[in-house]
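In structure tokens below, several structures.
Next come two complexes built around subunit A: one with subunit B, the other with subunit C.
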Partner chain A sequence: MIQRLAKNRDEAWPWLSAASVALSLLMLAALMSLLVVRGLGHFWPAPIEEVTLADGQVIAGHAVREAPLPDRPGHERLYYTANRDLDGALWQWVALDAIQTRSTPADLVLLDRASWGDFVGRLVAVVTPNERLEGEAAWQALQQHLNQRNAVANGAPSSAASGDSHVPGDTYLPGDTYLIVESVEGRRRQQPLHDIHRAQRPNAMSMGENIQTWGGAVWRFLSQGPRAANTGGGVWPAIFGTVLMVLLMSLLVTPFGVLAAIYLNEIAHQGRLTRLVRIGVRNLAGVPSIVYGVFGLGVFVYGIGGSLDEWFFSDTLPSPTFGTGGLLWASLTLALLTLPVVIVATEEGLARIPDAQREGALALGATRLEMLTRIVLPMAAPAMLTGVILAVARAAGEVAPLMLVGVAKLAPQMPLDGEFPYLHLERKFMHLGYHIFDTAFHGEDVQAALPLVYATALLLVLIVLVLNLTAIFLRHHLRRERGN
Partner chain B sequence: MQASLPKSAPGSSASDSAAVMHFATTESCLDINDFSLAYAGVPALQHLSLQVPRHRVTAFIGPSGCGKSTLLRAINRLHDLNESVTLSGNIQLEGRDIHAPQLNVAELRRRVGMVFQNPNPFPMSIYENVAFGLRLQGRMPKRKRDDTVEWALQSAALWEEVKDRLYRSAWTLSGGQQQRLVIARTLAVRPDVLLLDEPASALDPISTLKIEELIRNLKSQLTLVLVTHNMQQAARVSDYTAFLQGGELVEYGPTDSVFTNPRLQRTENYITGRMA
Partner chain C sequence: MTPSPDTLNQRLRLARDRLATGLITAGGIGVLLAVLAIAVFLLWETLPLLRLGDTLALAKLTPLAWGTLKAAFYALLFAVPLALGAAMYSALFMSTRLRHRLKPTLEMMEAIPGVVVGFIAGLIIAPWVERHLAGTLLLVIGLPLSALLVGVAWHHLGTRLQRTLPLSWAGLWLVPWFVLMIVLIFWVTPQLEQYLPEGDLRRFLDKQWGIDYATRNAMIVGVAMGFAVIPSIYALAEDALADVPKSLLEGAQALGATRWQALWKVALPTAGPGLFSAVMIGAGRAVGETMIVLMASGNTALFSASPFEGMRSISAAIAIELPEAAPDSLTYHLLILAALALFVFTFLVNTLAEAVRQRLRRRYRRLEGHP
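Showing the complex of A and B:
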């Protein structure tokens, strides 16, 4: 009996371990597909439904999701109806049993506006100083105007470089062309043309146009700055800030980590003290990241930054230069945070190098330094890169310490620009992780921001992936070159 | 050839356990005088005295743990890195104490090359392996370096096998080729002495034969010291044989007489494999 149990257990454990692997992979796949579907799906031009309700009210918008009714059996559906200037809200819940007719008329337009958000409704007329166009001609004219304006913006760098493509139209048709638009309920509004970013008729678009629109939306998300308190627009400054911060962090952490590992493994007397230091280093990896944030704030920002300000930037005091959170302090704090990872990985790499290699170099008349730099370090390079990979993965996702030492909800300037000295280490920067946090919980309209949260999270995962793949590729290349 | 060496008659004093064999100073390359070494207080070599003749192959034989590898490493000062090692007595290379404070260890190791039991080529190309020691000595015209690399590979009887793939990784070579590469790498810096620590024990019989032939050919250029467990190998390639046991030198003399007519019973027992 006992033997049979033991035998069963013997057969069961591979299955158990396989099941746990499968479960982990499944969760990972679920996570990624959630991010992909919710994040990328947001940019897909969804059809606009025109809905007539039992009480005669007519609304139009994207169907977003359904939920059970709170007070009686049945379901209700959430519509994104836009038109905040007319209705006072972007969203409307509609009980399913109150819906009488649903249709997707081809003439419904979706306008992306600089103020008041999107507009959903019909285009009545385009009015220029010279003429008034109605019906299909109005749509054609609107398209033409927008295309022309984009061409001007792209073709004339002087106006485009002043930046802010999201405040369009300043250089073209200053305010004298406007649209007359009408909501599905029949309320009309005059809409200045220069206020409009884009216009589309989602219900009338072909698959090709859909894909094109989707691609455009994704590209804008990646390449533009945020607007409407981070609930709209793109995340380019955050992408840039994240990557720049991680690169700086790697530059700072690699030399320190590698030197420390070399000292611990190659130079220090292997006694009790070294062992203690080693244990200490390993335990540093387990210190909560916010603690590093506090340390960075106290030592780097207030301590070193404050002193730097007193010595070199006293003319701008009391407004701080380095005495406040910034790119440099954030990178330094994260370098400190990831230092143990690099040390441990490098040490393991050094320990794996056979002593025969070291003795071989010494026996040829190499000094210890020559042995280190010509044999040991090149052989340990893949292990160092492994450490940097782990450090990058950890640093790119870290948000808590950054909130104390330099990340900003909305950074007015990029940390890298054409202005001397080009790299502005004292500036605050935007970060994808913090952007997620801020967008999800601090926007005015969390409902509108949620898809952007998914999209930003997906982007953060992808960036970490790309950074890691680069390092892994580099490591592979190094190993191949050395022939093992 | 050995007869031309002036030496005291071996076996003159049977009461002396350590060998009595002296070369004139002009003939001796390494002079080991009353040398003792201990790891963390545990003696590994005790009051060893022997002379290694120039341009001959001298073999150290003895059971595992007898101290022969320790002695070899001591000649190259590889114990420097181990803080628990204590030494007494001295070793002289061409009349100069290798432990003298003003002596440059790196320079000593360049003059005394060492080949280890397991081939340890560096993770670089074949060419770079051989050029490694040359690059340590500073800049050298590429032409001259190329010539030296070729000469070293030819001396190690490897040139014909690798001349078409000098820039491939050294780790693609077979074990025997790797060991000859390591020898070539050592020869490239033109050492005076070559220490071989069981250089063929990890190799197949054919590679072993090649290494042995190489050892015999190299003695015209330099002094070789060979540590081996293989009695036949010692008999085949060496001119002189030292038998060590328990950290002491038991018998030292011309290989012929040590193998055919050992003075001591202990030596005979070991050589004939009758040792417990």
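Showing the complex of A and C:
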């Protein structure tokens, strides 16, 4: 009996341990697919539903999600109805049992406007000073006009010119043209043409147009600045700030990290002290990043930055120049944070090189410098590269210390521009990770910002994963090479 | 007599060598000193607190310390069983091919930035769990039970099915099974919940036992931070288990032990210190993690051990309050004291783990017959 029990237990435990692997993988897969589906799906042109409710009300919008009703059984659905200028809100909850009919009429348009956000409804007419186009003709004229305007704005005059030669001149509409648009319940509004970025009829689009629209939306997300309090537009300044900061950091951390590793491994006397220092450096990789942020704030920003302000920028003094968070201080802080990563990786590479190589070089009459630069460093180069890539990957995902030393929710000026001295080390910058935190937790309309936060999170994860994969691949390659 | 060009050249080379060695030494020591400067700076900036001698101010730190430990505790409660289980499975039962794929995959998991995990946990999972509390709690029992069920059923399967679904690949083919179970559990629980007097577990907890439920709570933080900590615990624990000398395990099995008995009675005690240091490293990470706690806990400084209530950790308090604190104010020095505490704690924990690991490595070498 006891033996059988023991045997059963022995058969049970392996399954529990297998379950923990499966659960970890499941969580990872769930997180990644959530990010991919929500992050990329947001840009897909979703159909617009026209919904008639039991009380006669008509609404139109994208269905977003469903939730149980708070007070009675059943579910309700959230619609993105846009039209903030008409309804005063972007969203509307509708109880499922109140819905009488649902349809997706092909003539519903979605206008992306500079003010008041999106508009959902029907296009009634395009009115120029000379004429009034209605129905399909109005939609055609609007489409052609927007295409040409975008082509001109993108600096592609050839396509605009060829477009001009094929279509009559009246498609390039005069500046004071306005549209008459009508919401689904019949309220009309005059909409100036210059206020419109894009117009779509999501319900009438073919698969090819859908993909094209999706690609365009993804591209705009990557290449434009944020709009409407970070709930619209793109993340280009954040990408730029992240990359610039990480580049500066790797410029700082690589020479110093390699120098320290060479000193520890090749020059220092290999005694008790060196071993202690080595353990200390290794453990610094485990010190929380926020502690480095505190150090950066206290020493770089208040200490060095404050002194720099007193010496060189005293004329602007109550408002600080270097005495506040900025690009330089953020890069320096992260360089310090990633220093142990580079040191440890480089040291591993150096330790793998057999002593015979060094002794051989010295025996042939090389000095230590020559031995280092011609034999040891070239052999350790992949390890150093691995270390730097790992450091970059860690720095790109780190947000906590940046909150103390120079990240901004919205930086009015890019840290790199055409104005002397071109690279403005004292400016604050935007960062992808902080953009996620700030938009998700301090935004005014979280529901509206959520899809963009997903997309930003996906972008950040992709950047970090690609960097890490490169490092893993390099290390693997390196080990195989040494193994042979 | 003028020196020949050769000796001149030689001297130049030697001088250059000496110069470079000097520069490297200076640079290396400089970098190491800069790293040391962190500790010195933190100590120096906490000194003014002694002069102020305000013991009341220190009381402000105790809820923060409590919050930090609470968050780390729940994170480890979630992460340690999963990570150690995964390590045991992959060191002893898993097929080699899967193992070579699994390690980099979990390394990827470690690389996912905390801000992304925090966002998902705080904004997506927390409200969802609030609506499906009963189902989530049932998962804790349901998933392990369903794995056991699979184990029992597996032994009654035919040999052919056993060969297509081997235990060595169970880590992979259990995933779709779990998806099925999760869907099932969340489909069943609302029906079960109706039999509660309040029709909803959250209201039931509140009415019956007066348990508050905050949307962003320690349970959410524990799962999110556990997710972030699992890979580092797993990697170290797996290393320790995989390095156990094969001869020990083979000896145990030759004496009639099952594979699990060999693991439980031989491998675990031998690798015990390694597992301990893995958990320590995990604890160090959990204590210092900032963004996940900041985003997934309510950031309210409470003294409560309940998994359904929030907390405010030291790291989150630093991230929120330090940018606003004027330099030389009491808050500023207090927060730096908090940072010093974090620094000392993680440094000590990591050093302890490292020392234990070094000793373990020596023991393995002795066991394998190399003194």
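Things worth noting here:
FYI, the second predicted complex is superposed on the first by the 414 of 484 C-alpha atoms of A that agree within 3 Å, B and C clash if a C-alpha of one lies under 4 Å from a C-alpha of the other, contacts with A are read in each partner's own complex, and residues count from 1 in each chain.
Quick note on the criterion: a residue touches a chain if its C-beta (ideal position, glycine included) is under 8 Å from a C-beta of that chain, and two chains touch if they have at least 3 such contacts.
These numbers come from a predicted model, not from an experiment.
Once the two complexes are laid over each other on the shared chain, residue contacts for A:354 go to subunit B alone; subunit C is not touched. When the two complexes are overlaid on their common chain A, residue A:436 makes contact with subunit C while staying clear of subunit B.
Looking at the shared chain after the overlay, A:89 reaches neither subunit B nor subunit C. In the superposition on chain A, A:363 contacts subunit B only, with no contact to subunit C.
In the superposed pair of complexes, A:290 makes contact with subunit C only, with no contact to subunit B. When both complexes are overlaid on chain A, the residue A:374 reaches subunit B alone and has no touch with subunit C.
Judged by the touch definition given at the top, the superposed model places A:273 against neither subunit B nor subunit C.
Touch counts on subunit A: comparing subunit C and subunit B, the chain ahead is C.
When the two structures are aligned on the shared chain, A:423 is found in touch with neither subunit B nor subunit C.
Shared contact residues of subunit A with subunit B and subunit C: 367, 370.
By the touch criterion stated above, subunit C contacts subunit A in their complex at residues 13-14, 16-17, 20-21, 24-25, 27-29, 31-32, 34-35, 37-38, 41-42, 45, 81-86, 88-90, 93-94, 102, 104-109, 111-120, 122-124, 131, 143-144, 147-148, 150-151, 154-155, 167, 170-172, 174-175, 177-179, 227, 230, 234, 258-261, 264, 281, 284-285, 287-291, 294-295, 315, 318-319, 322-323, 327, 335-336, 339, 342-343, 346-347, 349-351, 354-355. Residues of subunit B that touch subunit A in their complex: 76, 78, 83, 106-107, 109-110, 113-114, 116, 118, 120-124, 132-133, 135-137, 168-172, 182, 185-186, 189.
Contacts from subunit A toward subunit C in the complex involve residues 7, 9-29, 31, 34-35, 67-68, 256-257, 259-260, 262-264, 266-268, 277, 279-284, 286-295, 297-299, 302, 325, 336, 339-340, 343, 367-370, 372, 393, 396-400, 403-404, 433-434, 436-437, 440-441, 446, 450, 453, 457, 460-461, 464-465, 468-469, 472. Residues 269, 354, 356-357, 359-367, 370, 374-375, 378-379, 482-484 of subunit A touch subunit B in their complex.
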